[in-house]
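In what follows, chain A forms one complex with chain B and a second complex with chain C.
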Partner chain A sequence: MPTDTKRVRGPEVSQSLSRFVCKPETTLPSDGTRTDGRSRDQVDVRPVFVRCGLVSQAKGSAYIEAGNTKLICCVYGPKETERKDETDMKCGRLFADMRFAPFSCPERGSWIQGSHEKDLSLMVLESLQPAVCLHKYPRSQIDINVMVLENNGSALAHAITCASLALADAGIEMYDLVLGCSIRQDGASYLIDPTFLEESGSCWGSGENQGSLTVSFLPSLNQISGLQSDGEMGEGTLTAGVRTCIEGCYKLYPVIQQALVKAVRGAAPPPSES
Partner chain B sequence: MSPMKLCVPGDKLCSTDDCRPGTGVYMRHGYIYSSLAGYVLRKNEGEELPVISVVRETETQLLPDVGAIVTCKVTSINPRFAKVHILYVGSTPLKDRFRGTIRKEDVRATEKDKVETYKSFRPGDIVLAKVVSFHLLMEQLIFWLFTLDLPAQISLGDVQSNYLLTTAENELGVVVAHSEAGAQMVPVSWCEMQCPRTHTKEFRKVARVQPEYLHA
Partner chain C sequence: MATVQLSEAEKVYVLHGIRDDLRVDGRSCEDYRHMEIETDVVSNTDGSAKVTLGHTAVLVGVKAELGKPRPAAPEEGYLEFFVDCSANATPEFEGRGGEELGMELTNTLYRVFNNKRSVDLGSLCISPGEHCWLLYVDVLLLQCDGNLYDAISIAIKAALFNTKIPKVLISEGEEGGTEIELSDDPYDCVRLSVDNVPCIVTLCKVGHRHVVDATLQEKACTVASLIMAVTPAGTCTCTRKVGRGSLDPESIFEMTEAGKRVGKALHGPLMSLLLQEETLGKKRQKVGFLG
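This part shows the complex of A and B:
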C-alpha cells in the first residue's frame, strides 16, 4: 500500500485537547438559584438586543442576542418557486432552515445539518406559516435561513422571534409578529428562558414534572402557532407553563416592536403626504 | 406636519367604520390591522371613507398579474412555444426573474397555425407581451393537449406553473433584437427586421411601438 506522503501526520503520542481546556460549570448551584442572577418561578426573561437589516444581500434580516444566545436570520424572496409538481398554485410556500454553527455549542458540531436541526427547522416553519399572508404571493417561495452563532439556551424560541422579525424587515405581509418563549420545568418550579446549562443539565431531579416547553405566540391576535414540549409534565403544569410562556412573549413584544420601528425609520424617510 | 405614524405587523389601526382598507392592511372582526412594518398613510378620497394603507419605501414585490404588459427576454425557442424570462412588469423592474411561455398560437392574432416560432422570436430578443393567465384549468389543458400532438418534452407540471403570455396584438412583439452579425436590428415591417451592418433581413414578429416612445 503506498504511503501517504502528502498528509502531515501529528506526533505518534498525542493527548486530547479537552484534557487541558478548563471546563465550564457543569453543575447548577445547589441552593436552587440561577447562575445569572435571575429568579425562579418568575417571568424573568433575559434582556434582548435586536437589530434588523444587518445583511445587505438578503431581502430582510434580523439579529437577536439574549444573554449569550446569538442568532442571525436572513429572508430571501418572494421568488419563483422551484418546485414544479405542485398543482395548487394559489398561495406561496415558506421554506425554513435552521442551522447551528459548529462553534455555537460547547461541543463542536458539524456543518452538515443533523436530524435535530431538521426538527427545529420544521418547528420554525410550522410556527411562522400561520402568520404570513401566503395567499398574497401565489406561485412564489420565501426562504428563511436561521443561523445560531452561539447557543446558550432557548435557541428555538429566539429563532422564531428572529425569523418573524426578518420577515417583517423584508416587507413580507404578515398577520402578526410571532414571538417565542421557552421554559424549563423542574419539579414544582420553573425557569423561564433557560440557559444551555439549565436546559440540558445532567443534574436534574428525577421527580415528576421534568421537562421543557417552547411556545410561539402571536401577540396581537392572541393565538398560539407552535408548541413543542419535551419530557414528562402533568396537565396542570403544562397549561400553567403555556400561560407563563405567553407572559414571557408579552414582555418581549415592546422591544421587538421598537426594533422594527427603528429599522423602518432608518431605512427610509417617511413618504410625503400627497 | 405631524410625524407619520409607524406600525408593525399586527397593529390594530382603526375600525372599519372609520376607514376603508388599502394596501398593506387586512380586516378582521370589524377592525383594520396592519400587515407590514411601515408608515401609516391615510388618504381622503372625497365622498367615501378615507383609505388607510401601510407603505414601505422598498418597492413592493410586483407579481405579474393577468392583463399586465410585461417586458421579457427570450431564453429558448421550440416549434411549439418560446420560453422567456420576465424582466419588467409595466415599467418596474423585477428583483427576481419569473419564467413565462409564449405558445405558438399566441404569437399573432391572424393565421395562428401557420406561425413558425423560429421566424417570430430568437433567443436573446426583448419582447413586449401580455400576461394571459398563470393557471391553466384542467379542461383547457386537456383540450389544448388534444389539439396538438403531445411532444415528449412538455410536462404537465411545466405548463401549469409558468406564466402564459401572448403577443397577439399589434403593439406586442419583439422590440429589440440582434442580428446574426451582432448588430441591433431596425424594424422594416411587422414581420421583418433588418441589420444595419449586413443589410440582411430577418423574420421577427415586430411590435408597433407608439411614436412617442421611440427616441429620435
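This part shows the complex of A and C:
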C-alpha cells in the first residue's frame, strides 16, 4: 500500500468534525427553488468566470470559477515522449492528471491520488482526446494537470472545460473546444450544475431515477466526447439528461469563446502606429 | 487491453461485414458468443463462479468477512471489489502492466454497484454501527479475448447468487464484551438476493452500426464504445463512454436503447440457468477447469 513518507500527517485516529455536528435535513427540498436561488428543471447553469494565461511557466493555463467551485489547469508540451513504441511514430500522446487539494472538499482529502481521482483523470483524458489533433504532434506528449482548489459540485465538468481552454491557450491544435456539463437527477426533476451538497451521495433518496450524469461536448461539431453516469436511471431519463447537458454546454460556449479571444488579443503585439 | 494489430484492408473487411449485419464469425450485431457459466468452483470461498465467453475466461471469488460498518452508513454492510489482470491472460499484463486496466475495471464496478437497489446492503448488517458483513469480490482474468466488462459482470452476478453467508449470532458476553457465535451447521446460511444486480453491456461503434460482445479484431476497428450496466427492470445504473473517439448524440441514444434491450434480455435466461444449476444440488457433475 503506498505510503507518503515526505509529509507529516495528522494522528491516525483523527476524525472530521462534520461527523459530530447535528446534521440538517439531508434530503433535497422538493419545491421549485434550490439553495442558491436557481430553479429546478431549467437549464440554469451557474455564472462562470474564466481567465487564461495565469501560470507564466506553463505553456498554457486557465482558471475557472463557477459558484464556489474553483479549478486551475496547466498544460505543458508538446515535449518529447519518454516511452517510445510504434504508435508514437504516427501521433502524439495526451496525459491528464486531475487532483483535489486536500482542503478543497468539506472533509479533508489526502495528497496521494486515490482511485476516485485516477478515475476522474481517465475521464478527462477520454473527453479531450477526440478534440486534439494528435496526428500533428508525432513522437510528442502533452501533459494536462488539473488542480481543484475548491470543490462545490460539478468538479469534473468544469475540469474538462478548463482543460480544453488551457490547451487552446497553449496553442495546441484542436478540432473544437470541449465543454463539460453535469446534472443530478432527483426523481422526476433534474438539477443542472449541482452544488456539492446536491451532488453528494448521502442526499440520494430511495425513489426511482436517482443519479448524476456528466457529459462533455464539442459544440461546433455536435459530438459527445465523454459520458459518465452514476446511480440508477431509466433509459428515457438518461436520454433526456444528455439532451439537457448539451443545452447547458451551448449556454456556456459564448463565455468560453470570449475569454479565449480576450486572452489572444492580450497576448498579441499592439498594432503598429505607422 | 490486449490488442491485435489489423491492417487497413482487414479493418475495411470487418466494417463492411458489420454494415450488412454479418460479423466475421457469422453472428449478427446483437448476438453474444457461446457462454459457459459454472458456480461453486473454488471450495475455499463463500461463493464463486467461472464464466467463459468465447475465449474470454473470468473467475470470481466472493469471501465474506466480519467488519465494522462505514461511519457514513452504520446500518449497512458493503462490497469491496478488486480485479486482477493475471499475466496468464496476455504477456502485456506481466508485473505492473495489468494494473492500469485492473484499476479501471475496479472503479467501474464500484460505480455500477453504487446505488441503493442493486444489492440489499441492509441485509449485510449484523448489529448497527458495530458489526457487519464485508463481501470481498475478487475477480481474476484468466483469458482475454475482448468484452471483459460483460463477462466480469455476469460472473459477479453468478458468484453473488452462489454466495452462502453463515448465520451469526452476536451476544453480550461476560464483562460486557461481545461474543460472536457461528452456527454449527455448515448449510445453515443466508443467501443474497440478486434480483436487482445489473449486468454490463458493452456496445462498440464500428462504422455506422454498433455491435455487442466485440472480439479483439472488432475492437481494433472501433472508434468509441459505450458501457451500460442494465438491471432486470431495464434501468441503467452506470453508463460510460470509453475510447479515443467521439460519438454523435443520436448514436448514443440509439446505443442506449439497444443496450437496454440486450441487457434486459440477458437477465431472464441467466437467472433460470442459475436456478437450474442450483436444483441439481450435490449430484451435479463439476466440470471445473478441465472442460
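The rule we apply is simple: the second predicted complex is superposed on the first by the 231 of 274 C-alpha atoms of A that agree within 3 Å, B and C clash if a C-alpha of one lies under 4 Å from a C-alpha of the other, contacts with A are read in each partner's own complex, and residues count from 1 in each chain.
In this section, contacts are C-beta pairs under 8 Å (C-beta built on N, C-alpha and C of every residue); 3 or more make two chains touch, one makes a residue touch a chain.
Remember, it's a predicted structure, so these values are computed and weren't measured experimentally.
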Contacts of A:210 with chain B and chain C, given as first, second, both or neither: second
Contacts of A:106 with chain B and chain C, given as first, second, both or neither: neither
First (chain B), second (chain C), both or neither touched by A:243: second
Which superposed partner A:230 touches (first chain B, second chain C, both, neither): second
Chain B versus chain C as contact partner of A:218, first or second or both or neither: both
Doubly contacted chain A residues - partners chain C and chain B: 131, 218, 221
Interface residues, chain C side, partner chain A - complex: 71-72, 103-104, 106-107, 110-111, 114-118, 224, 226, 231, 234-249, 252-253, 256-257, 260
Residue ranges of chain A touching chain B (in the complex, touch as defined): 59, 77-81, 84-87, 89-90, 131, 133, 137-140, 168-169, 171, 173-177, 218-221, 256-257, 260-261, 263-265, 267-271, 273-274
Residue numbers on chain A that touch chain C, as the complex places them: 15, 19, 115-116, 118-119, 122, 126, 129-131, 201-202, 204, 206, 208-211, 218, 221-235, 238-239, 242-243, 246
Chain B residues within the chain A interface of the complex: 1, 3-4, 6, 8-12, 24, 26, 28, 33, 35-39, 41, 43, 55-58, 60-61, 63, 95-99, 134-135, 155, 157-158, 160-161
